[in-house]
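Two complexes are shown next, each including chain A; its partner changes from chain B in the first to chain C in the second.
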Partner chain A sequence: MSQLGIVYALLGAALAVLLAGAGSSIGVGIAGQAAAGVVTEDPSKFAKVLIMQLLPGTQGIYGLLVGFITLSKIGLLGGGMLDLTPQQGLLVLAACLPIGIVGLISGKYQGMTSAAAIGIVAKKPEQFGKAMLFPAMVETYAILALLISILSVTNLSF
Partner chain B sequence: MAVMQMQRVSICALKRDRKAILEKLQTMGVMEMTQVLDDESGFEKMDTQGARNTFEKKANLADLALDILQEYAPEKKSLLSSLEGKKLIEKETYNQVAVQKEEMMDIASRITGWQKEIAECRANIQKMENQIEALAPWMSLDVPMNFEGTGSTSALIGAISGEMTLEAVYSLIAEYAPEAEGVDVTVLSADRDSTYIVVLCLKKNAQQVEDALRQGGFARPSQIVSEIPAVEKEHLEAEISALQKEIEGCQKHITEYGDKRADLRLISDYFRTRAEKYELLGQIPQSSRTFFVSGYIPKKAVPAVKKAMEEGYDLVFDVEEIQEDEEAPVLLSNNAFSQSVEGVLESYGLPKKGEVDPTTIMSFFYVFFFGLMLSDAAYGLIIFLACFIVLRKYPRMSQGMHKALKMFMYCGLSTLVWGVLFGGYFGDAVDVVARTFFHVDVPDGGLIKAAWFVPLNDPMRLLMYAMLFGVIHLFMGLALKGYMLLKDKQYMDFFCDVIIWYVFLIGLVMMLLPSSIFASISQLPEGTFPPAVSQIGKVMAIAGAVGLLLMSGRANKNIALRLALGAYDIYNVTGWLSDVLSYSRLLALGLATGVIASVVNQMASMLGDGIIAAVGFIVIFIVGHSLNLAINLLGAYVHTNRLQFVEFFGKFYEGGGRPFNPFKLTTKYVDVKEETYL
Partner chain C sequence: MIDTKYTYAVARIRALETALFTSATLDQLMACQTEEQCLQLIQEKGWGGADTPVNAEAILTREQEKIWENIRDLGVDMSVFDVLSYPNMFHNLKAAIKDVCTEENGKSMNIYYDDTAISPDEMLEIVRSKDFSRLPKYMAGAAKEAYETLLHTRDGQLCDVIVDKAALEAIYAAGKEAKDSIIKDYAESTVAIADIKIAVRSQKTAKNLDFMKRAMAECESLSVAQLSKAAVSGIDAIVEYLSGTAYAEGGKAIAESMSAFERWCDNRMMQTMQPQKYQSFSVGPLVAYVLARENEIKTVRIILSGKRSGLSDDSIRERVREMYV
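Our next item is the complex of A and B:
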């Protein structure tokens, strides 16, 4: 029975990385298609659209961040795994959910916004600064989710 | 921190000085031309379209010649050559080249001529190669392809579709032309689609035999040469090699002009600037004896222009202040440090009329936040050194690039400082290396202690600071709004929109300070702030809220509507809350750098100890940290921009000013040395 706690905790870390990573890959994929279209027309815009394409990539990093903190929290990395009760394991799982779920959804929508912003760069490259803002807006919520996930994981005491 | 003050300058001068005056203004490059006299009687505009087109065409021809030279006699360029910028040349050199412009244009047209010849030769070679290919199946034919036959025989040369054996052809003839005798069939070659044959028969049977062959899909060749194919092929090959020699000759001619590159560049720029001048010439009003130019000059440069004009020529030089309803172009002027973030401001929008230039204040926050988000001493040092070296090595790079690199250099420095404060040197690389390769017992807190604290161990503390920095940043924005209102003498607005908000917000913050929530977040012992703080805060918050309720809708006479608008304005406090929360990204991104760096180090150290493991460690270390640096650099850049654009500018700044675009030497390859007037 005591094994179940660590299973839940690991599931949490896995979900954080998995969902947020999936969100980012969807987002980067969507933006990448738009970026490739722009580069076919005008290869000199490569650097600008590449930056745009990378913007939805951060959710995956946030997921990795939470996953890593969780793994080191439950002692999976340094050896000496904690003996967690199922309740404690579920606490860890719950702490990981915000970045996982918000990362998945915001990653996708940030990708769509990035694709639209790439459209701005294609037609008005001088508006790059403003174009960059729209995808960055979406990311705010991933950052908020990340914050809660980090604070929960680090402040759980066992 | 300033938008440069502009003045409108009008010059009325004699037509005979026109060329000299315009050229002087162009080389000084400090005047933006906007003509005011429109449809004034007695003044006319000159049609210069034709002359302009000629110059533009010549500039393009020189560019084309340069491209061709680059193709055949490539100039060695390093990877960073795009940073080199334009070459600075003396004025005399520029004028000297202008003298030999005809000669240079001649060279340019010769180069393009040869290029054309090469292209034609290549097309011909292609055509002949196609012919040779078409001849390939007929190579074993030892008579010309249009061979009809001898006195009493006929020769049928052609192709039958499909692969056919000799027997199959004979049986085809035997079936459909049984009366034909003495038919001789030779198969020349065969491929998957066709069989190439020669059929000899008696002249009287020729028609029947051909009909018989047609049943099998026989057709005469589409391309008939009056030569034996092998001989024809030799001819063609000889011609191709002649053409190739010709191409080589042309190429040699072109490469011989490789040393003319610098002059061609100059001449291209020479014609480009002349085209620019003629464009202006077409816009300015002229009477039979005089002409009139008008435009904006930064106040600082006016005396220099006035001196240059009045010393050389007879003219009227008139200076006016900018009118109320006039939107002057914007040129920023900042100290050497703040200048570097001007590019960031430009990408949002230059200050419009009446707005202050926020560059100076923004520059400090920008560098501060950027460093906080990246916060790794080693990364900071790398960025700083890379930018520093590039800036040193290529002093003549374009101005925008120069500013951007300088900005990143300062940001790198800030990152270095934050890294030391938070104890990040490639994440925890020092500890990992010590543990893995030198088997050192790493004490708690690492070998190199953080000068301040380690964010990962105490995220709540950094979160508090991030929000504190955010509040300072936002209050600064509100203060700038107040400053602008005061400058415009809108004292009522200043009091209602700035002071009351300050009272309200500070009151709310003070109410929060002694609460147990704050104590638990900040980990300060409860009771650090006496309850009186909360009491004062309550009074301030209520006073502020009442003030907002009553005053925010002051533009409306209707009391109910006014109160409703006031209530809505109080609701804006949620906007302030989300703005402050938004600064939590300082923590999130700062942690992301450190944690991913640790992940990289951990992965690298998994190989264990030993020589091979050390090599593996170095490879993983370099790849992993380059990736981490790149992605977090992007993140820090994007989110620092966002904090400036959305949270900070949202409080006071709109932008939308028109950039100053002076009449100057618009060159592509060289900069002509000239005094600076700004």
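Our next item is the complex of A and C:
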């Protein structure tokens, strides 16, 4: 029974990495298909579309970051694992949810926006800067979720 | 949930769209003095192939082939494009029926379109053996009727009307069944424009109400009954009827001249396709690209033949279509 707290906490870390990582894979996958389409016809646009493709990749990194912080918070990384109560474990789990869920959803939609923006680059490469802003907007919400997840995990008092 | 299976294809089409002719390119083409200069210019733009002879027909045929080479290369489900090949298929049916009934027996194979689901030879074979059940369902009935009509009455026009109407109905039915809104829009526009064309031409050649009813196909945006009634009472009545529909511009074009009207018919289709420029995840941009390329080739053909026969710039310009991009 005493292990249940740590199970919840680990589940939180796992969800942060898993959901945000899945979001990024979907997003990078969608944008990558569009990028491949453009490069098939015009290889000179490779560098530009590659940057577009990478934009939805950040959610996975945010998830990883929260996962790391959580693991070190509960002492799994540095040794000397904390003895958490189930309530404390659930607190950690709750703290991990924002980046997990928002990472999944925003990753997918950022990927779709990137794919659309790659269409701009295909037709008007000189508008690359403007095109990049659209998918970057979606990033805002992933960052907000990351912020709350980090603040919550680091400020839990145990 | 948006389907992302066309993401690759649409992005590739976006890259290909940069090679489409703009109105500026057409102006350049118009500025050429002779057909040879025009051909040189379009070759510089990448038209034709390395081994294509420098003659208008060879280059344009090569471009027509390139459209489908590109689309097949995208690796998408080709059944979406079936409806675009209906007009060519029905044309082949007409040609085959006439060939068989006039005992030409395929002597005029050059009037057939090659790139269809049913090859010209097969079509000829089906009509020759009167085994119409081998044709798709939407074609079989009309094929039989047209064949018998031509055989008994020797009325080529009536045979054409039967097949053309079947083609329109098939396109419309395909549009109704299609999941993609682009095919619905294409079907609606095609049928409506064809109906208007029939009305205008019937009016010019003083056809009666029965003929028009036989030729026109039902669609949502026009009333066949009202349109044909208007056509009987005169060109002004057609214009007046159209002014109350989504095709008011067409009415104005009819009032202007026949070539302005023909141009409007093609422009209208391009306008229907315009929203596809902003789609990233549907099959729409692919269909729009095919139609845009066909429209482009048609326009270049008009300019080339205009230059060849020494038409004035104004009369060529009157026939030049709007471009997609």
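The criterion applied here is as follows: the second predicted complex is superposed on the first by the 158 of 158 C-alpha atoms of A that agree within 3 Å, B and C clash if a C-alpha of one lies under 4 Å from a C-alpha of the other, contacts with A are read in each partner's own complex, and residues count from 1 in each chain.
The criterion applied here is as follows: a residue touches a chain if its C-beta (ideal position, glycine included) is under 8 Å from a C-beta of that chain, and two chains touch if they have at least 3 such contacts.
The structure displayed is predicted, hence computed values, not measured ones.
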item	value
Clash-or-fit label for the pair chain B, chain C on chain A	fit
Which of chain B and chain C A:Ala35 touches, first, second, both or neither	second
Touching partner for A:Ala9 - first (chain B), second (chain C), both, neither	neither
Chain B versus chain C as contact partner of A:Ala95, first or second or both or neither	neither
Partner chain in contact with A:Ile143 - chain B first, chain C second, else both or neither	first
Chain A-centred angle between chain C and chain B, computed on Cα centres after superposition, in steps of 10 °	50
Contacts of A:Gly57 with chain B and chain C, given as first, second, both or neither	first
Partner touching more residues of chain A, whether chain B or chain C	B
Chain B versus chain C as contact partner of A:Lys130, first or second or both or neither	first
Minimum C-alpha separation between chain B and chain C after superposing on chain A, in Å	10
Those residues of chain A which chain B touches in one complex and chain C touches in the other	none
Contact set on chain C toward chain A in their complex	2, 4, 7-18, 280-281
Chain B contact footprint on chain A (complex, rising order)	51, 54-55, 57-58, 61-62, 64-65, 68-69, 77, 126-130, 132-133, 136-137, 139-140, 143-144, 146-147, 150-151, 154-155
Complex contacts: residues of chain A adjacent to chain C	30, 33-38, 40-42, 45, 112, 115-116, 118-119, 122-123
In the complex with chain A, residue positions of chain B that touch it	344, 346-348, 456, 459-460, 463, 581-582, 584-585, 587-588, 591-592, 595-596, 598-599, 602, 631, 634-635, 638-639, 641-642, 645-646
